[in-house]
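Each of the next two complexes has chain A plus one more chain, namely chain B in the first and chain C in the second.
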Partner chain A sequence: MTQAPNARALDEHLQEMVLALHAAVSRAMSHLNDDPALVDRAIRDCEEILDVVLEGNVAEWLGPAT
Partner chain B sequence: MSTSVFTDKVEAADFPKMDGEYHDLLVRVLRIQADCEIGGPHLYVRNILPSAPSKVDQLIVARTAAEEADHYRKVARLAGDIGVDVSDILSRPNRERYVNAFRGEITTWEDFAVFGFLIDRVGRYQLEEFVGCTYAPLDRILPDILIEEQGHIDYGHNKTAEFAARGGEARERIQKVVDFWYARALDMFGSAGSRRSERYLAWGIKRRANAQAREEYMREVKPLIEAMGLQVPDPNAGREFV
Partner chain C sequence: MNVVVCAKVVPASTVTNQIDPTTRRLVRKDVTQELDPQAAKAVEEGLRLVDKHGGAVTVVVMGGDDATIGIRSALAMGAAAAIHLSDPALAGSDALGTAKALAAAIRKEPFDLVLCATESTDSSTGLVPGQLAQLLGIPPLTFAIALSVDGGHVTIRRQSEGGYDVVSTELPSLVTVTTGINEPRYPTLKGIMGARKKEIRKYTAANLGLGPADVGASGAREKVLTVGRPPVRPPGKIIKDEGDGGKQIVDFLAGLKLV
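So, the complex of A and B:
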């Protein structure tokens, strides 16, 4: 079966972004009571990562399909 | 019409040998599922992540969106493995989403809560259709996705109940929001006389007819809505499909 171009590369790129989101959320949840600045930074990081995900500019993420 | 059901298990390597109808049905299922998974975050991230009532709520919104993006990733990979590129769905404008419930924007916390309570619950029903399905790769990705969707549903349920418990105007507002999303939820199950629905069953891709799944959903949510002291909306009000 022929895969769609960039299927694996897109999968890996999205997985990195999802892991980054989860890491930011986990970090912030651990410091809710003792480091409000860290929590705010983590929320902003999540907003930035989600902006990229939802923009969905796959050509920019991966380059032209091969 | 034959009532036989296809029960073989199909892997990606088998897909090219399958009947053209199976191709079309599976590709449609994967495209719609991918669209719904990423459609949710497109509805609410922009407005609700910055404005959620507390830092914890903001983080939960972010985590919810991350999980939905991951669900999209998994479905997109399945599609890619059979040669179907669904990357265009990532950036599709909301107004072009397959399902009406995902066209528009969510701008209030009440809407976000009820969306989780009612619409993510339909999402769970749709995913459950594929449990044990003939396309084995799809069956395999479901367990983790279903656990995460249940988390979204529970959070939405709790937040909806909190609004209802405040009474007065807050309860009236949340009732209106429930009325709005309930109609959209019921429509997500499709029309009762759908021929495509019969073909999904015949090919072992889905487990239930549209009407049966919708009835089961209504039976599930009725006591949950009533337990909050809210009224179950008229199931025929505001509907596009029956």
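So, the complex of A and C:
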């Protein structure tokens, strides 16, 4: 197995993703009963992040910003 | 309008805070960090203002290398740029030292409004905003539960015990925001990816013209003498309702002279 080229950058990127998921879920949970549109949007935002994580294209995450 | 938000990066809410018994400081090394939830509200308020009036939000954070994660969160929310005050010489600064460093960095920026949380969630001194306003020579408006800008003036609803006061001042000024002012947006994937293109400028104490007499442990006039846990609270009383629960509760409250 080849080691990731920059473990710290990878850690930080994944942590950013997890914090964003956590924030989206927290926001949705607090509006379960009063704002279904917000809940739907939060679910879509989480799905978008999880799709990218599951795709696992680490080189793209850590490559130069375009 | 140019809004500068002073933010702090703190141990994540999932972390149990530990105090180093020797330094009496919060242990931050190797602890998961996040943008202070209180600071996120100041960022959100800044973003709402520039959404309405145009301009940009710049976030200023003082902290170690681990603070990057919180800075990126603020950028992912929509801040245009960030300034990171990162230097071992700044470690151990008291509230005034922190205010001096923030003021020196903010003076390098064009700004109309400085936004701060009323207090940080980790140290909760609430001292920095007032000191910062004094150092910048601008009026502070505190405890804002609502905020609006009209022309050259900023107006807030200032939270008070009985309700709120409406207060206004000319720009440039500094406003501290309370917990209830808004619900911050969360970073989306687009925001996270976009944040990577945004500028994070780094300053050291020397870059800011500050020396050991101003900042860091050597410049701190405020010392933490002891750190202790609050006294253990006596256990609560459980009342079982066996037909006389109401009477028992009334008797209990009467014993406390509450009824």
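Note that the second predicted complex is superposed on the first by the 59 of 66 C-alpha atoms of A that agree within 3 Å, B and C clash if a C-alpha of one lies under 4 Å from a C-alpha of the other, contacts with A are read in each partner's own complex, and residues count from 1 in each chain.
One rule holds in what follows: contacts are C-beta pairs under 8 Å (C-beta built on N, C-alpha and C of every residue); 3 or more make two chains touch, one makes a residue touch a chain.
What you see is a predicted model, and the numbers here were worked out from it, not measured in a lab.
Trainee: Chain A superposed: clash or fit between chain B and chain C?
Mentor: fit
Trainee: Looking at the overlay, what does A:Ala24 touch: chain B (first), chain C (second), both, or neither?
Mentor: both
Trainee: Can A:Glu16 be said to touch chain B (first), chain C (second), both, or neither?
Mentor: After superposition on chain A, A:Glu16 lies in contact with chain C alone.
Trainee: Tell me which of chain B and chain C touches more residues of chain A.
Mentor: On the superposition, B touches more of the residues of chain A.
Trainee: Who does A:Leu54 touch here: chain B (first), chain C (second), both, or neither?
Mentor: first
Trainee: Just to confirm the geometry: in the superposition, how small does the C-alpha gap between chain B and chain C get, in angstrom?
Mentor: It is 8 Å, taken between the nearest C-alpha atoms.
Trainee: Where on chain A do the contacts with chain B and the contacts with chain C coincide?
Mentor: Residues 15, 17, 24, 42, which sit in both footprints.
Trainee: Flag every residue of chain A that touches chain B in the complex, lowest number first.
Mentor: Within the complex, chain A contacts chain B at residues 1-8, 10-11, 14-15, 17-18, 21-22, 24-25, 28-29, 32, 36, 39-40, 42-43, 46-47, 50, 53-58.
Trainee: Please output the residues of chain C touching chain A within their complex, sorted ascending.
Mentor: 12, 32, 34, 68-69, 72-73, 76, 183, 186-189, 191-193, 196-197
Trainee: Can you check the complex and tell me which residues of chain A touch chain C?
Mentor: Residues of chain A touching chain C: 12, 15-17, 19-20, 23-24, 26-27, 30, 42, 45, 48-49, 52, 65-66.
Trainee: In the complex, go through chain B and note every residue touching chain A.
Mentor: Residues of chain B touching chain A: 12-13, 15-16, 38, 41-42, 45, 49-50, 55-56, 58-59, 62-63, 65-66, 69-70, 72-73, 76-77, 79-85, 87, 89-91.
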